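In the two assemblies presented below, chain A is common to both, partnered first by chain B and then by chain C.
This part shows the complex of A and B:
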């Protein structure tokens, strides 16, 4: 986003003179939406920062937040979008997204232990979208695998709305002991040194965050704003920086990400009421650069370390040992100003605070006409004669079908922590390596269709979905981070979606007692013709697991075990995968968010899990009950028989409603017969609605019954074929 | 152990772990194979010290000419991470001492360049080998080769990751922690010989 006329006036006022070229570039980088949240800050305050179950150790405002997982053990996690770069150069755009989010986690001294990728991609049959999809996955695969951090979970969605502009949201989870954490939170003092470690600075990614803060143009000039990643340097940085942090040698660590040196240095100085004197010519560079280029370059794999004079020799020793290039480019002082020199000449002299925190922009929000699609009941459709065929159609929709083609390209096991791997559970479960058997669950979720039809309820449902996915593994959800992907904030019809999504996340997070400890906003997700992509609220959550051996898979485990459903089913087909995949309709009221039911259902599932009274659990989400049962069967190779008349429901008139409704706050759970009394007793105590609806069978088929007779039967082989082959077929041609 | 600090004296066995040495630039293992550390490992082999290369370690051993054959990009052109079933043939030497001929093992693979090609199949005839079971070959390897050893079995290269198949809690349904036997074999070999 170039600076507006008012911005330039403001800069003149701040400086009391005409800005230099360097200063203008610094303001443009830092005042971009990407770096300073000008259009979003006001609304983001609505997100709850605290939760009664969660100890938040580092809240919002740093590169990454931290929460306590167990006493003395902190989890650092953060989400980031690389939508714009991935649209122009899918491979490097996605790869550098991984690099950036890993460095955010490193800033708190944490060891990165897991990556997640939430990808909202175009129609895989569209050649351009297909090229983007393959490039994005390959970029994440090559970068994530090479730095030795497993990619363990994510979310994938295909929709023609993302043909030109995909949403590439990535998250990283790190682990750190609280002592190390405290040492990197000390912050700079006057006289401390500014050390830049990592790749030599080059001319890549100049003003990249400014590029990400405007709509895409179909021009080649955008390509210069995309950075290129170097995973080998990132790996060395991970090893060196975690060692420096663990030994208490750094007082603060910061990523040189969006906005480059300018953003990093101005935020640190402003946060600590300090100034800094920089000597730009001292920085190690790849080529001859102008001071302006040095200030705003977004070359990857660079980090800022604040080190005091006495720790410097040790820090230098570690960096040299890992062969990480570095330079010392300045020193903090009490001036409150950022003064940058180049070969002895003062090229910029700006107050840190004014640079770091531009005034908030008030944006107008107005619902567009298209929002009406989401407030009417869906148009009536004919009930399919063959429900088995409809169920297979939904199961094979790329949004539902197995994402094996993607996750097998990621090393999801490196680090030997991954207990529940992709394809086996609703969330990934990782263990700690301290031999205690404790661990955590992580998952990312969004539903672009829901949020485009009803941004408030859709975003709330994304929070609930993530919550359920964690609970379904037996984890106690602790906190979430969010990434709100929206259109152009200067357009009231786009901004309305953003406004509603933030409010939806804030509401549901408060209701579920989940602090939103961090997040990111991505604006200007529109194509060259000004059409916004489906606005999307992506949620990544972390949960605590006391015993990973008890972590619940989503696959059935034992023939003769009972299948029960938790929650009541309502006729809620609006925005469902069924309406889309079978009837080609994307309209209607999305399922109502039901926080009270979520809490009741979750407490029941967690209680049962802690008593070992369930063998598996699976959230009922996209595709409804039919999909949930088929998935649990396909991944275990076991069949099932289910009596649909036993499913607790209200207002349901037809079987397709029952099978495919996406009513929230529901799970299917697998209960050993001997645990039935426990189930019934706990359900009564918790006031949660539960009913046994069938049993697991070694029958090779999924049988659906109603009115005392068999109404559909789906062969397991057929279901597996539909589930497993759909995505490879859609992507590879 | 940092590669520059590696001193071959005083070690009973050497394991080159998986990973992406030098980011796999050029070819997997190609740069690492030309480092001093690998020269020192070659000396270890001459002195009869057991050496195991896992994944990238196997690629390095092959690149350095310390094991026969070559590891090319997977047939699919993509990285692959999945659990596979394996069978051991002619097991012997310190790493496979406790493994029986024809024993089935399960472990995960995670690599982009694991398609084994033997320049001359006679070169590995009779040598200890680990094959993917039919239907489990993830990369198009010749003869389903997942791992191959020197004739006496003192040097072994494996594309699958035995160290990831040690704890039952990490094994998905239907798979066993059979990587354990590799390390148990070594422990027994170092105690009682092989």
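This part shows the complex of A and C:
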């Protein structure tokens, strides 16, 4: 987004003179939406920063937040989007997204242990969207595998709205001891050195953030913003930087990401009330660069380290040992100004704080006419005669079907931390590797259809689904980060979706007592004709697990065990996968967010899990009850018999409503027969509705009963075929 | 032959240049670009038509990304 006339006036006022070209470029980079949150800052203040269950060690505003997982052990995690780069160059766009998010986690001295990718892709049968999907998955897989960090979980969605502009949201989880964390939080003092380590700076990625802050254009002119990932350098940076941090040699670490050197240095100086004197010609570069290019280049795999004079020799030794190129380009001072010299000439002299924090932009939010689609009950549809066929159709929808095609391209086991692998649990479960059996669960979720129909409830439901996915593994949810992908903030009809999504996340997070410790905003997700993609709120959550041996799978485990449902089912088919996959309708009120029921259901599941009274648990989400049962059967190879009349419900008139409603706050749990009294007692104590609805069988089929009759039967082989082969078939043609 | 466009970085080529070529003393090499080489056997009499046929398929099937790659199509034999 180029600077507006008002911005330039403001810059003149700040400087008291005409800005130089270099200064203008610095302001353009830093004042872009991507770096400075000008259009979003006001709303983001609504997000809760604290929760009563969670010790937040580093909150919002840094490159990444940190929370305490166990005493002395912190988890660092962050989400980021690489939507625009991935639309232009899917392979490199997605790969550099991984690089960036890993470096964010490194800034707190943490060792990256897991990646997540939340991909919202176009119709796999559309050639262009198919090409994007393949490139994105390959880019993530190549980069992640080469730096040795497993991709353990994620979320995938296919929708023609993303044919031209996909949403590529990636998250990284890192682990760090609190002593190391404290050492990189010390911050700079006057006289400390600015050290840049990593790839030599080049002309690639000039003003990339500014590029991400405007709509895509249909041309080759965006070439300068294309960056190529270098996982080999990233791996060296990971090793070198974690060693420097662990030995307490860095007082602050920062990623050179969006906005390049300008953003990194102005934020550090402004946050610490300092100034800095930079000598741009001291920086190691790949080619001859002008001072302007050095200031705003977004070359990948570069980091800023703040080091004091006495630690410098040790830091240099480590960087040399790992063959990481570096240069010392300046020194902090008390001036409060960023003064950049190039070959002895002063090329920029700007106050750090004014550069780092541009004035907030007030944006108008107005609901578009199409938002009416999401506030009326869904149009009536005919109940399918063959419910088994309908269930299989929903199961084989690319949004539901197994994502094996994607995650098998990733190494999800490197580092031997992974306890619950993709496809076996509602969230990924990782162990700490300290011999204690302690661990964590992590998952990312969104539902673009919900948020496009009702951005407030849809975003709230994303938070709730992430919460349930963590709980279903037996983890205590601790905190979330959010990525809000929206359209053009200058258009009130787009901005309204953003406004509502933030409010939905803020509300549900407060209700569930989950702090939103960090996040990111991506605007301008529209195609060349100005149509916004489906606005999407992506949530990544982390939970604590005291004993990973007790982590719950989502697959049934034992014949004769009882199947119970937690929660009450309402006729909530609006925005459901069933209406879309079977009836081709995308409309209607989305399921109500139900925070109070969520808390009751979660406390029951967690209590049962801690007593070893459940064998598996699965969140009921997209595709409803029928899908949840089929998934739990397919991944275990076991069958089930379920009596639908036993399902606690209200207002349900037809079996398709019961089977496919996406009412929130529900789980399928598998309970050993001897644990039934415990289940009944705890459900009473917790005030949660639970009912036994059937049993696990070694029968090779899923039998559905109602009115004392068998109303449908789905063979396991047929279900497996639908679940496993639909996505490869949609993508490989 | 598919290579990254001139302004686009090529970490693989750079690594080969730095870690292999220069380290072994071949310092007159000023740069290495890595790419992909595909040999198409085309049933076609006219060389020009074969060239445009392959060029078209590379573009249509997204064998390369026109935004970041250059391709060179020529007759091998």
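Observations on the structure shown:
In this section, the second predicted complex is superposed on the first by the 733 of 733 C-alpha atoms of A that agree within 3 Å, B and C clash if a C-alpha of one lies under 4 Å from a C-alpha of the other, contacts with A are read in each partner's own complex, and residues count from 1 in each chain.
Here is the rule we go by: a residue touches a chain if its C-beta (ideal position, glycine included) is under 8 Å from a C-beta of that chain, and two chains touch if they have at least 3 such contacts.
As the structure is a prediction and not an experimental result, all values here were calculated from the model.
Shared-chain residue A:203: touches chain C; no touch with chain B. When the two structures are aligned on the shared chain, A:55 is found in touch with neither chain B nor chain C. Applying the stated contact rule after C-alpha superposition, one finds that A:503 touches neither chain B nor chain C.
In the superposed model, A:41 lies in contact with neither chain B nor chain C. Of the two partner chains, chain C is the only one touched by A:89; chain B is not.
With both structures placed on the common chain, the touch criterion links A:232 to chain B and to chain C.
Of the two partner chains placed by superposition, only chain B is touched by A:424; chain C is not. Legend: residue contacts after superposition of the two complexes on their common chain; A:729 is shown touching neither chain B nor chain C.
Annotation: chain A residues 230-232 touch chain B in one complex and chain C in the other.
Within the complex, the chain B residues that touch chain A are 2, 18-20, 22-25, 78-82, 108, 110, 112, 161, 163-164, 166-167, 169-170, 172-173. Residues 88-92, 127, 131, 135, 202-204, 220, 222-224, 226-233, 286, 299 of chain A are the ones touching chain C in the complex. By the touch criterion given at the top, residues 4-5, 7-11, 14-15, 62, 65-68 of chain C touch chain A in their complex.
Per the touch definition, chain A reaches chain B in the complex via residues 138, 141-142, 145-146, 148, 230-232, 235, 321, 407-414, 416, 418-419, 421, 424, 431, 548-549, 553, 555, 557, 636.
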